[in-house]
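Following this line, the structures themselves.
One chain, subunit A, links the two complexes that follow: it is found with subunit B in the first and with subunit C in the second.
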Partner chain A sequence: MTAAPRDKPTNRRRITNAIMLGLLSVAAIVATLPLILIIFHLLKSGLSSMQLSFFTQVPAPPGRSGGGMANAIVGTVMLIGMACAFGLPVGIGAGLYLSEYRGSRLATAVRFLCDVLNGLPSIVIGIFAWELLVRPVRHFSAISGAVALAAMMIPLLTRTTEEMIRTVPNSLREAALALGYSRWRTSLAIVLRTALPGIVTGALVAVARIGGETAPLLFTSFGNHFWSLSPGAPIAALPLQIYEYAKSPYDDWHAQAWAGALVLLALVLVMSLIARFVTRARFAGGHGD
Partner chain B sequence: MAGDVLVSHRSIGDRVYRTAITAAALTIPALLALAGAAIFLGGWPALRQFGTSFITSSDWDPVAGHFGAAPAIFGTIVTSIIALVIATPLALGVALFISEIAPAWLRQPLGFLVDLLAAIPSVVYGLWGVFVLVPLLREHVMPFLSDTLHLGDFPLFTGPHYGPSMLAAGLILAIMCLPYISAVAREVLLVVPRSQREAALALGATRWETISGAVIPYAKSGIIGGIVLGLGRALGETMAVTMLIGNQHKISASLFSPAYTMASLIANEFSEASNDLHLSALMAVGFVLFVITLIVNAIARWLVWRVASAAGKTP
Partner chain C sequence: MATEQALAAIAHDEAPPSPVRMETVGLHAYFGKTHALKGASLQLLDHQVTAIIGPSGCGKSTLLRCLNRMHETVVGARTEGQVLLDGHDIYGNGSSPVSVRRVVGMVFQRPTPFPTMSIADNVAAGLRVAGRRPESPAHKAEIVEKALRSAALWDEVKDRLKSSPLALSGGQQQRLCIARTLATEPEVMLLDEPTASLDPASSQKVEELVYELRRQITVVMVTHNMQQAARASDRTAFMLNGELVEVGPTRRMFTAPEDSRTEAYITGRFG
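Our next item is the complex of A and B:
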């Protein structure tokens, strides 16, 4: 310990240290700025144009003021519902497979391909769904959009399911098997049930992500200015409507695009926040990957 | 587990269950293969007709039936480079700040704020870009760069200040890939062993010397993986870019110039494609994008896994 004075940093080293640590702090501040700016502008421009009619009416004809996005909000909910109907069983099933057959070669390959599928651009998923479901029948449909969204949801859900099941202690599984439970009942009634809150969280995150997607819907569910709840017909969606309105030349539509964006962001953030707090309350102590 | 084996042989339920989850797992490779095949077949007529000139030609004329995707490929690369150049230092800075410097109470909330950037829908970024970022660029940033700083003669900053441009698209992409890069960086920084830091500090290193000499080298391949993952996002990002890039088929060195990316080209022209060849050309662009992002993501995953398995973290 007496040798300490010799090892004391020189001035130059101390200054470099201070500058670099300062720069890292600046980076941290700059990195959070865009989020604050975006939320600020959304609140500023979105709140002023949000009236009751926004939630109750369908779009007004081009250039006419008034109207709302009621059909788009319902459309988005419907699309998410259908996407969940396709995506949840597959995603959770695949996650179960990955955790049950953890070491197998197929599991490793699927895990890898899952990440690759997750990284595919959403527009590519969109043209895939178009080729598969729109081209053969020659018309846009809500169901084709839902399939595209499900394809984006599955990889997310698979990985969270697998991760959450990993946090279930093996002793629980062994206890169930020792009591004579069959493997499938152990897996579903004990393991899956224990991991369920985590999986619900994962599903929320996945829904928050697909709920805001526009690109996969451009040539599948296409959008609709009128009420439609039919799976076989084009359906309105909030992100599509925002895109269309933002591109339009009308001030009134711009204002509604801001209001729509605020509603969309609120939906997405609320789901992310719930997911965050559920996970944190349950898995306090941190779980990486 | 002997009991386990006995049970699984006896029960039909087990066999059904096993089949069901295997089928679910196989859906994932099936989806990928199906997507690849469908898009390839859709793009095949154009790829066959134009061959390599599809990638090298810059002539995109649906009326005359010429399709060359070079401008879109060029725009994709330029905007992604802008995005990475801006996002990488910021993302690493914030990740290092969180893992190495920040007081404990600030770590979680700050990480959460940055993560939230990833939750904002692309179309919302686009809307904000159109009405806030683009006017700001047109009226302040572009004149400042070209006139105040006299960079106007420099090829990167020449030309009229339209607003929608590769610069605008690159900036919005930078914001959008920042959370991906920083999330992966934070994750790999977490697995850097404490002893690594303590050893450097014990040798008399300053905080920064510890970070640059002991922490970053250990996490390097994972950090690069994060950057490559961010690249994958930037390459395929569609809506925000479509709204901000100006959508013009041209190759220009100026960042102020409107352009196209592969994704925005598809988004913009697909539903109005004039004939089968046009449609096929757009599918071919989609196929090129598919292949590129596939490769980029595979590389990213491999790099991140290497760090994770080196640290013995993956069970």
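Our next item is the complex of A and C:
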């Protein structure tokens, strides 16, 4: 009857659907496979070197066993902190400008240049920081590394901030203006504050990304086998230390490189988790004046 | 002769203040090249509710938004003509949009509570910029309570002042926005279809509230609900295609309109 001719295409459609679903599932699994393999491999190779000394001692001289990456862990945290001090205000401010004055010619130009800067190879940014901050003073410094990292962070942050602020409904802006808020107060107290969870997430993602960068640091903060907390002197950083140890001919240095990679991954992972948590906790009770 | 003039001047000075609180004189408004408002001259009487009715796109919201200079916040929007508040042109020299909006408050079609602030902080949000920064937490609580009571919302939210306004119903959110505007003690309140996004029960509450408000302040309400205009206003203005067709006491407008277009609209022949 009428049901029979309809059955065939339906069956074919069902099969096609199953095949496509299968292919997409495979793609989804393959997409996460690298992360799973990396975590597995890092745990296997790095866990054995992760003793207390790894977190408390500076690198041992070549040929001697022991030592750790304490200075590199602190150095990375310091570099990230300084990069944030430069990058967060500029990036968020630029993003706020782009969204609040989106039609202006400057905004169009800034948006385009940010996209270009975002796609720039990180080694190029390293060279730029070297030219700007290392060559004139003739020595490597932590601060030049932080500037290079901030330069990577800013375009990322600018664009996320802009996107997040665009999600704030215009009606809120109008409500604030109608209450007698000036334009800048509307931008800061209402618009920015409403978009803040998203901006914090963007900032954490940017921090996670620059935390693992090696190329911009190669000829700026340079690396250091000893303790240094001075912004004007070369400073150790986890990615640099990993790079150096991985190149070396010593087995125990290789093991330490794995452990360093594990610590770096853990830092990034924690950052992503915090980002998720912040995004979910949108409203946290009343704020007093 | 001269004495007479002097006497007349004194008499004029001592006469009760003009009942006209706000007035537009030959007001035109544009969005780029679109001529949205074509020479409206409208008087808003003190302590009265003026309803502005008309079909969609007739320019009634534009007229309203010219009264607190919100029209110009849209890119490419501009106005010509005068808007007088107590005889002073709010578009004139020495007047800024921010200072106008602190005297002429506005409530929008959709409720717009600030999502990052608690209910109490929403009510207090306009105080600091209005130059009425509370002296103490107790003073702030007092202002918040008074505004919420005026907006007939106090009993419903008094136990959850610290929680998010987003948990309130649409009607409660709208009354919260009215409370937020009232807290700044405006002299004129503009309402742009304040019940358009509310259910009938909430609409009725807001409507009753609007009619109560005229004891304190001058109210202008845009609506395309004619029953609402008939119930909740003292005077009604009818607009069509960017023109102000007719203004008059609400009862006369709905029983004996002078213009045939007004009659056609209120009897439901278009719109």
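Note that the second predicted complex is superposed on the first by the 243 of 289 C-alpha atoms of A that agree within 3 Å, B and C clash if a C-alpha of one lies under 4 Å from a C-alpha of the other, contacts with A are read in each partner's own complex, and residues count from 1 in each chain.
Definition applied: a residue touches a chain if its C-beta (ideal position, glycine included) is under 8 Å from a C-beta of that chain, and two chains touch if they have at least 3 such contacts.
All values reported here derive from a predicted model rather than from experimental measurement.
Novice: With the two complexes superposed on chain A, say which partner A:171 touches: subunit B (first), subunit C (second), both, or neither.
Specialist: The answer is second: A:171 touches subunit C but not subunit B.
Novice: Can A:266 be said to touch subunit B (first), subunit C (second), both, or neither?
Specialist: In the superposition, A:266 touches no partner, neither subunit B nor subunit C.
Novice: Please work out whether A:193 is in contact with subunit B alone, subunit C alone, both, or neither, and reply first, second, both or neither.
Specialist: After superposition on chain A, A:193 lies in contact with subunit C alone.
Novice: Of the two partner chains, subunit B (first) and subunit C (second), which one does A:85 touch, if any: first, second, both, or neither?
Specialist: It touches nothing on subunit B or subunit C.
Novice: Just to be sure I read the superposition right, which of the two partners does A:127 touch: subunit B = first, subunit C = second, or both, or neither?
Specialist: First partner only, subunit B.
Novice: Contacts for A:229 in the overlay, against subunit B (first) and subunit C (second): which applies, first, second, both or neither?
Specialist: neither
Novice: Considering only touches as defined above, state whether A:103 meets subunit B (first), subunit C (second), both or neither.
Specialist: After superposing on A, A:103 lies in contact with subunit C but is clear of subunit B.
Novice: Looking at the overlay, what does A:47 touch: subunit B (first), subunit C (second), both, or neither?
Specialist: neither
Novice: A:137 contacts which: subunit B (first), subunit C (second), both, neither?
Specialist: After superposition on chain A, A:137 lies in contact with neither partner.
Novice: Where on subunit A do the contacts with subunit B and the contacts with subunit C coincide?
Specialist: 174, 177-178, 180, 182, 185, 288-289
Novice: Where on subunit B does subunit A make contact in their complex?
Specialist: Going through subunit B, the ones touching subunit A are 1, 3-4, 7-8, 10-11, 13-14, 16-18, 20-29, 31-32, 34-35, 38-39, 41-42, 89-94, 96-98, 100-102, 110, 112-114, 116-117, 119-128, 130-132, 175, 178, 182, 187, 190-191, 203-204, 206-209, 211-212, 229, 232-233, 235-239, 243, 263, 266-267, 270-271, 282-283, 286, 289-290, 293-294, 296-298, 300-301, 308, 313-315.
Novice: Could you please specify the touching residues of subunit A with respect to subunit C in the complex?
Specialist: Contact set of subunit A toward subunit C: 103, 169, 171-172, 174-182, 185, 190, 193-194, 196, 282-283, 285-289.
Novice: Please give the residue numbers of subunit A that touch subunit B in the complex, ascending.
Specialist: Residue positions touching the partner: 7-9, 13-14, 16-17, 20-21, 23-28, 30-32, 34-35, 37-38, 41-42, 45, 89-94, 96-98, 100, 102, 106-107, 109-110, 112-125, 127-128, 130-132, 151, 154-155, 158, 166, 174, 177-178, 180, 182-185, 187-188, 208-209, 211-215, 218-219, 222, 239, 242-243, 246-247, 254, 257-258, 261, 264-265, 268-269, 272, 276, 288-289.
Novice: If we count contacts the way the header does, which residues on subunit C are in touch with subunit A in the complex?
Specialist: 68, 70, 73, 75, 97-99, 101-102, 105-106, 108, 110, 112, 114-121, 124-126, 128-130, 134, 137, 140, 161-164, 166, 177, 180-181, 184
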